[in-house]
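Two complexes follow with chain A in common, the first pairing it with chain B and the second with chain C.
Take a look at the complex of A and B:
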């Protein structure tokens, strides 16, 4: 049978029954509807707010904030936009430490759940099943109650003289810059680049010749060697500063607020319980043949995990783990309850002090959207790098 | 394929532009009309009467002012004014739905129409009056900000409190005054802001903060219920200094003058009743012949032609609403004494909240 082109043309249905036209039309209608709805809501809100005399622009961002923020140099006379940035910084402080913490802990617990050791696996299961089934706000409030039990600042604990711990703040030793610190940090940055170069070189050489790469040893020794020599040459550019309690003030070291520690611990533990489940599932999703093959090669149980199972499980686990990272960042807004000045707390304070709520909330949403998109971007990049390449 | 997508995009853009333009105009006109209807004079009073219940935004964590007791009942100074308004509008003080709100939620709740009136120890300030879409009415309580510390801390004035951590409710005038006060004397401090009085209290008890700043009346309330396990009220001291003016009173949404008048005159009626010596006990059987009081109570009087009539100021309420209000909650003095007065755990003297004849600031315009 050969089709006649002319007949094909004439048998096309009229456009109101043409599926392709209808589909396109439906999409146009949907988008137009969404835009209509959005414009309608926006118009409504604006008109109603203006009718009761509430401003609808973003000019309030330039006005003075009027309040102070704990553990920051923020002055009440600085504008509202600055205080929101302080909040963003505090949220970032939670994310930057919390995400690595919850990852490490989640992986450990996930692996432990599959341990042949009865006690280890039951302990991990109990942990996961308890924390996973409690609302994160409760976890935070519970942790807060525990942290409040720490000694008051007047009788703060100072273990080994290296820490100052009270229910107000927790201080740890930190690096203090001396003279020549700038040069030293630059040298260290250069050395780090060099160490990475050595790492790559050793890996390539090993890939080419098959000899052991010892890349950790090589680059590690190089880095430490240069660091020590430069330290001696520059005559103590940096020093360790111990925190010390003077009256109500802690000097030296690095101070973190107790409510920061509360949120960090509570949310890391909570989110880690979800990550642990993902890790466990991913390990079990690795084909059984892989384990058997590893056994056939006489790999030990650690080698089997490190070189065969975890690399494959990691590929499966990464996309769902991104969600947990995003959840972590979004849940930091619960710090509002215990007064840690992350961005939600700050924005609500801003609203409470006579600034318009709708615009402030839009800003807040934009902040979380940015956080989420940046995290997704980074992890998706890693994900693309480690996926199987199918030719 | 690409061409078709391009076409689609162009069509979409055109449709969107067309719709967008049209919609914008349409919504502006329709919503303006809607908004106009909503805020028109008389709207809310009729709406509340039709609904049969008053939505009153209150506090639930300040003893003496707005507090939920162990039986789950709301009680306090602010709560009594909610009851007074309900008594005036419905003749029944029980027809109130209490909406507990945090300091941060309160203005949004009022703006959005979730509540009809906000009586939640809210300080009257120019910014709030001007940009929160709210109208502040007669002040029910003249307050001032203070600082509460532990009695054994040795602090006697703000200047002693260098490098301390101060607990404060966020989104309050208190929070702003705190910065102003400490900055004025160059005393460094760290704020610790909570949006909830209960968690703030926990933090204060644990010693996480050295001071608790708030309106002095609130501090007195908190102090009166300080747990005995922590030493009871005696373990706390409220510093002498008052470092701000905090006039507290009811608020309504901007734009509805009739409703504002109703709320305002309910408050003023309690003040006027005290001045007249009318109490919960005698309001029902006033038999004197003072026409000013007879008018106030909506009793029958004779007009210039000798015909019986009742005085109606035109507030949209029953002519004898004052009787309903006073028999439900009593006059201002009774409300004060019952909730926060010298014989209550708060033990607050009348001070600025006395009648103008007694050197206070309470002054009701004539009811005529």
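Take a look at the complex of A and C:
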């Protein structure tokens, strides 16, 4: 009557319609294609470099760099690998100050955009809509044009005798180590650990008994107290060093190059406009019921923001904000346009000194990929830590 | 019951007077009053300085003398007629597409029995005032009548094309994007073909537009492939796509541009030496594809699984399921995100400045090297001018993208 079931089972489609065969074939083809393309490019690079007599390995990293780097004790005779490390350090110097700056400013502007005060919110909106719609490179170039308005080094401004400001460099007072400074710094590090311990202790105690924790007061007083006592005992281990202008050289203090300040300010302002938008969106994403509940508890507007809205908005905002940090780090490469010696500028100079371009740029990309990888690992870790666990 | 109605209507709040409004929005308590005074003073001072700078202090001579350079770079001056022809063709293309799109939307609304408001000139003014302002500013800086005549011609052609698009027969209307593409290709041919000017000699704002549009258009197929690859059930294909996307997204565009300028020649067979234009276009395309892929992936993930299952239930092959069911829905929902990507690329093309390609930003550097303007710090005039051009394009597009988002009901479906 009906077909025998076994004939249905044994009928396999022909191999060109067999899904398993097709899947295997597609993957092998894709991988083979990728490998072929890669080999082809590599082969071309090798042939081309050899035909013009440029080496094809990374041995150039051991050769002398042959150029100096501003505001660094790098010697031209040192190898290329060292100068690239100087560049990485300078990129890092931008990130370490820029990220806190842009975060603080971005959060302030983002909160201001939602202010009930019409003028404040309009000011924040103007700022965000202006900066967000202009290329970051243009912001850097324009800031550079403004910084060039500062006096020349010969006529550097010295406000209050504490700063030396010129269009070449900007110096701020800094700590100078005297005798016994090493001991003092170690004491301070130990005290900091102690202060953190006190902080944790006060928090736990407050959680357990409900008495006010006063943790800022406790650990602050402890830290300051020990720092002052140690300072007196060690007989002036550190001192404040003022920058001073001697001819064309600034001595003492801490010297930052004008183009470092340019990139720092320009990129922080630019990225802050993006952070502000994220902050605004996150605050608006906090459920309306939370605000109403805070009002029902008669919290003031500051308390409402500090204890109810911001902690929740923070969870929503953090991953995209860290993404903006990554963008900031990638955008520091624009410093090439005004010659601040971060890693892209350095690699550009390395290539200009006759070192092979393909390898140098691959190395540069590897540097940025490392930055990206580290930051995305942080994002993943933070995401796991701060998200509510919903089961 | 009857008595309450008039009471309510009489209590309807009238528009607040300025004093009421400012008491609520500016001076509700002491610290807001302080803030209002500080920011009010700041606004007045900034506005005053800005206007004084624009109208009195700044010397716009450098822009006026070099306006053609800003617009088209080193495009041969005796071939400028080609630019005029191509601009008019583009205006026709945009007008036709806008008209046909409106007509299509109206037809769909009528089929569904929904009301449809056709946009009035007032709506257009509200949407595109920054662009109009820019055009007026640019024309006010010209020294001859030709650019004004060209703008008027382009406007007339554009408006005429829009009406043509509105009343096209429906068969032609549905192929409006094809007509659009043909007109754009014609515009390129007018510039390049018939013994014209090759892209290597294009420059200024024109080059910025060309790089943005061709970057997106060329990157789209690659981005689509990568997005499908990343969503593929084949592990090897997925791995390759993810590697590519994450690699590109992990490095700054400038490294790819450097790669294009300094190293692309080494990667090709000996003897092949692409022009700088091709080199940066390759870099931009490879870069943009990774970001577009992520956008499209978002759209693909947003298509409910039921759609695929329904397609399988009616017996569609996997390829047809993707092409006829999933992709149209996915792509429709990512249009706003892709406009956003378009805006980023528009801003990112300025990076070609660093490798010495004459885009509109680089012209600002060029004119400051001219003997009569050298060393006077006039980049403080040219950079805001270029910034305004970028701002207008980017701001208008981002507002349009928000409008599209609302219109398409992304997330509401």
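Couple of notes before you dig in:
The rule is simple: the second predicted complex is superposed on the first by the 347 of 391 C-alpha atoms of A that agree within 3 Å, B and C clash if a C-alpha of one lies under 4 Å from a C-alpha of the other, contacts with A are read in each partner's own complex, and residues count from 1 in each chain.
Going forward, a residue touches a chain if its C-beta (ideal position, glycine included) is under 8 Å from a C-beta of that chain, and two chains touch if they have at least 3 such contacts.
Please read these numbers as outputs of a predicted model, since none were measured by experiment.
Of the two partner chains placed by superposition, A:15 touches none, neither chain B nor chain C.
In the superposition on chain A, no contact is made by A:307 with either chain B or chain C. In the overlay built on the shared chain, the residue A:116 is in contact with chain C alone; chain B does not reach it. When the shared chain is aligned, chain B and chain C each come close enough to touch A:51. Contact with chain B, but none with chain C, is seen for A:349 once the two complexes are overlaid on the shared chain.
Judged by the touch definition given at the top, the superposed model places A:138 against chain C, while chain B stays out of reach. Of the two partner chains placed by the overlay, neither chain B nor chain C lies in contact with A:162.
By the touch criterion stated above, A:31 is placed in contact with chain B and with chain C alike. Of the two partner chains placed by superposition, only chain B is touched by A:248; chain C is not. When the two complexes are laid over each other on chain A, chain A has residues 27-28, 31, 44, 47-49, 51, 141, 145, 148-149, 336-337, 348, 351, 357 in contact with both chain B and chain C. Chain contact summary for the complex, chain A toward chain C: residues 23, 26-28, 30-31, 34, 41, 44-45, 47-49, 51, 115-120, 122-123, 129-130, 132-138, 141-142, 145-146, 148-149, 330-331, 333-334, 336-337, 344, 347-348, 351, 357-358, 361, 364-365, 368-369, 371-373. Within the complex formed with chain A, the residues of chain C that make contact are 25-26, 28, 32, 35-36, 39-40, 42-43, 233-237, 240, 247, 249-252, 254-255, 258-259, 262-263, 265-270, 343, 347-348, 350-351, 353-354, 361, 364, 377, 379-380, 383-384, 386-387, 390-391, 394-395, 398. On chain B, the positions that touch chain A within their shared complex are 8, 11-12, 15-16, 19-20, 23-24, 27-28, 31-32, 35-36, 38-39, 103-104, 107-108, 111, 125, 127-128, 130-133, 162-165, 170-172, 175-176, 178-180, 183, 189-196, 199-200, 202-203, 206-210, 253-255. Listed in rising order, the residues of chain A touching chain B in the complex are 24, 27-28, 31-32, 35-36, 39-40, 43-44, 47-49, 51-55, 66-71, 76, 141, 144-145, 148-149, 152-154, 167-168, 247-249, 258-259, 336-339, 341, 345, 348-349, 351-357.
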